[in-house]
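Pasting in a structure now, in structure tokens, and then I'll have a few things to ask.
Going by the order they are written in, the chains are A, B and C; count residues from 1 in each one.
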Amino acid sequence: MTDPVVAVEGLSKWYGQVIGLNDVTASIPPGITGLLGPNGAGKSTLMKVVTGQLQPSQGRVAVLGAPIWGNPSAYAAIGYCPDQDAFYERMTGLEWVAALTRLHGFDDDAAAAAARKALETVDLAEAADKKIGAYSKGMRQRVKLAQAIAHDPRLLVLDEPLAGLDPLGRRRTINLIKAWARAGKSIIVSSHILHEIELMTRSILLIDHGRILAEGNVHQIRDLIDEHPHKVRIRTPVPRVLARRLLDLPDVIGLSFEEDRIVVDTGRPDDFYSALTTLAAEGEIAVDEVTSPDDSLQAVFSYLVKS
Amino acid sequence: MLSFGRAAVRVFDLSLGEMLWSRRTVFMAVVAGGPMVIAVALRIAATSAAVRLTGSPGPSFALGGPDIFGLMIWAFYLRFTVPVLGVFYGTSLIADEVEDGTLTYLFSRPIPRGAILVGKYLAYLVCTSVVVLPSVVVVYFSVVPLFGGSVGAGFPSLVVDLGLIGVGLAVYGAAFAFVGARLRRPLLSGLLFIFGWEPVVVLVPGYMKNLSVAYYLQGLVPHAAPQDEPMTLLRSALQTFDAAPAAWVCLLALAVIWAVTLGAAVLTVERREYVLER
Amino acid sequence: MTTRTCCVCLGAGGILAAGLAGGLAAYLQGGLPAAAAERRPDHFRYIPADAHFVAFADVRAVMTSDLSSRMRDRLPVDDEPDFESRTGIRVASDIDEVVVSLVPAPSDAANLLLMLSGRFDRERLESLAIEHGGAVSEYRDHALIATNVGDSRLALAFVEPEVLAVGSEALVHDALDLVDGGDNLTANTRLMTLLARVDPGSDAWAIGALDHPGATAWMPQGLDPRALRVSAFTVAGRVNGGIRLALEAETPDEAASQNLRDILQGFIALARMQAGAQPEVAGILDSMQLRATPGEQVVHLSMTLPPATLEWLWDRALEGAGAAGSVDPELPPPPAGPAAGDPGGNDAPARRQDRQDR
């Protein structure tokens, strides 16, 4: 049996009176593992504990066989892409990634080369010398990924890496994650959108209210979620034009407007996302951002909790 | 894994530019530029004989250039600029990273957390020195030659003053780095310390003044600290005119404060868990 | 570090380095040793190295000051043959500098040497000395006139055409000995160190080392600073419309320094209470600054005497002098106030003008 990359046993984490994680026990195997749960479920807390950012209140965490809290030498093998949109805005992408890579012990030239390679990997080579403050949302997500992979870690921990990306960006990033996995890296990736996780892996951890609800095959979850209408929120400069095109799609149950956004109800999210990506790739209609409110997923979690 | 020292140097390298080009530097430039503006204005006024040494009406006496420089060092730099910069920068070393959410990128690197604080502290020292020390030099050459002062004769005093400002920045910075690493609202605590606690305890008889940085810095100032009428009366009323401790005592005390607070800050950062709220 | 950051750091370092280099160069060329030398009058080379007290006055600066002009205006006119008519010396214009030095003497008498530089009527001075019983002799190719005054033997000689030495005969001999070289006052490191602390812009100053026997024998009884354990002092003043005085007293230890500060502090507090509504005195007290230099056991006191205060003090002094001199019961009492020293009636303005013309 393969050793788990992350082993968590009886892990609890609370912030004062608020429980972040509640007696979590899990074993994450090599490869891609999706961490699925609604906002506030404890995904980010688990990832922060796994990357040594937070100290467990109770229980044990071993990453690649070593305890992680207070053990910075273990961080060398981990690449962490946090969820917060925070940067040194005045630095260029290359400067920032190179500076963080130097903290892994790379000398100046090696760090610059590694940073450049990482930026090329995430399709940011052309924007490498631009200030991060001038980056779009998608570029910011990608430069975060670049800093996580530049030092060639064995384990990547990616917290909501697809959040705020346009459909093409999502597809590109998903392909990247799958490529890294094929290259032998272990990846833990979080999302509150089942569809996204499903495109990357079949192995998931379902988490809600700080507890692991389910662990294993994604298909069982998918069947459950398809029973509930799924909401997709799309930001576009031409909402009415896009709405007309979307209404032609068979997967769209309903549609409403919110300022510059369209909120679509769909019974078959996979097919809808696929059609939306094709629509955006045609280039006729600009799609700036696709997000999915987790109402539908929350319904699944409620169902699981009750059952 | 990088050693503590090398890691600190690399964090310094990463942080210096960020610190130097931050909005806070604009504030620092204003704080450090004030005395320069005053000095240059004085110089121009003296050159154009707007400030008269002789004749009447008008003041028959102005302070000598070295006296004015001494007063400016004390009043503008050691009692204002240095502690204020110490508070604003020292408390922000970790707090800013927490607030901006960028601490994660540093804390997820294979380096001791304490090295991050030390690296950022070094960046603070260089950043503030880069702005403040040249300002002192400009003030010195603008003010000291006024009214018969000699640039050459005052040179040892300039060296001492530059050293004192460096020491002040180092000690205040270390103390407030600890406050910033430990407390959730460090800026308010720091401002209360420099504008509330220190001015009071330095005046009050007893041992409370030992719990301030200003008391020991004051003991190292080679210039006259202002002793205006209210101050003299107050001291008379309190029946106190405590002599400042000897220079070596002041230096030792400042070294102890520096080492203890910086050490405590390093330990705090090593052990404390920072929860980013963004 | 980015290029821009690097440039800023280098720029700031450059300003700092240039400032320090410039300051150091100025220091080495005209700094501490040279600064002391600037304050060192040329006639130091005629003063013996074992002097323990030296005072200097830039007479020309003082006499041309606004203060001097004001004080002269307030002087009473008297009918005594004045100094100028007897010596031919017009103080305001003929004397440039005065240096007074004291050298420890075997007896309690002060061993004093006065060096005056300026322009003198040599023959007239020598005639005057001879008239007063002076005997002319020659010492080291210089004419020396000596006379007995009480128990002391005083002498005068020109060590240079424009430098007159007056004082005890032994010291005048020493001054003439030093014309050809030898250890002079500049070799006295104690006094030179004190001199280095004197404000270079001072118009008059005095320095004294009191930490050896006989150093204070000349002082009036009750004014012995050793009672306060003062081992050395400096006094420096700048004269213009007013006077700015800076006094430093050096003590042998921290305890003595503390004691002296306490005394001065007490004195200031007492004077403050006594001053009451007298604004002139209150002005002086307000300007007083007392501080100490830790480690060096030096107590500093500085004060400013503004013109109004000096005029008030001057008038009080003149009133006192007038009262002391009113021995003739038939003379009317001097009027009070600033006009007290103006008993000359209608021709007084003319006399005052005459004095100013001189």
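The criterion applied here is as follows: a residue touches a chain if its C-beta (ideal position, glycine included) is under 8 Å from a C-beta of that chain, and two chains touch if they have at least 3 such contacts.
Only a predicted model underlies this, so the values are computations on that prediction, with no experimental measurement involved.
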Chains in simultaneous contact with chain A and chain B: none
Most remote chain, CA-based centroid, reference being chain A: C
Mean-CA-position distance for chain B and chain A (Å): 45
Centre-of-Cα separation between chain C and chain A, whole angstrom: 85
Between chain C and chain B, distance of the C-alpha-averaged centres to the nearest whole Å: 41
Overlap residues in chain A, where contacts from two or more other chains coincide: 91
For chain B, residues that touch 2 or more chains besides their own: 13, 17, 21
Interface hub residues of chain C, defined as touching at least two other chains: 2
Contacting residues of chain B [partner chain C, same complex]: 13, 16-17, 20-21, 53-56, 60-61, 64, 126, 129-131, 133-134, 137-138, 140-141, 147-156, 158-159, 162, 219, 222, 224-227, 229, 232, 235-236, 241, 243-250
Chain B contact footprint on chain A (complex, rising order): 15, 51-55, 70, 72-76, 78, 80, 82, 84-88, 90-91, 99-100, 102-105, 147
Residue numbers on chain B that touch chain A, as the complex places them: 1-2, 7, 10-11, 13-14, 17-18, 21, 100-102, 104-113, 270, 273-276, 278
Residue ranges of chain C touching chain B (in the complex, touch as defined): 1-2, 4-5, 8-9, 12-13, 15-16, 18-20, 22-32, 34-35, 38, 65-67, 199-201, 238, 240-242, 244, 254, 257-258, 261-262, 265, 268-269, 272, 286, 288-295, 300, 302, 304, 306-307
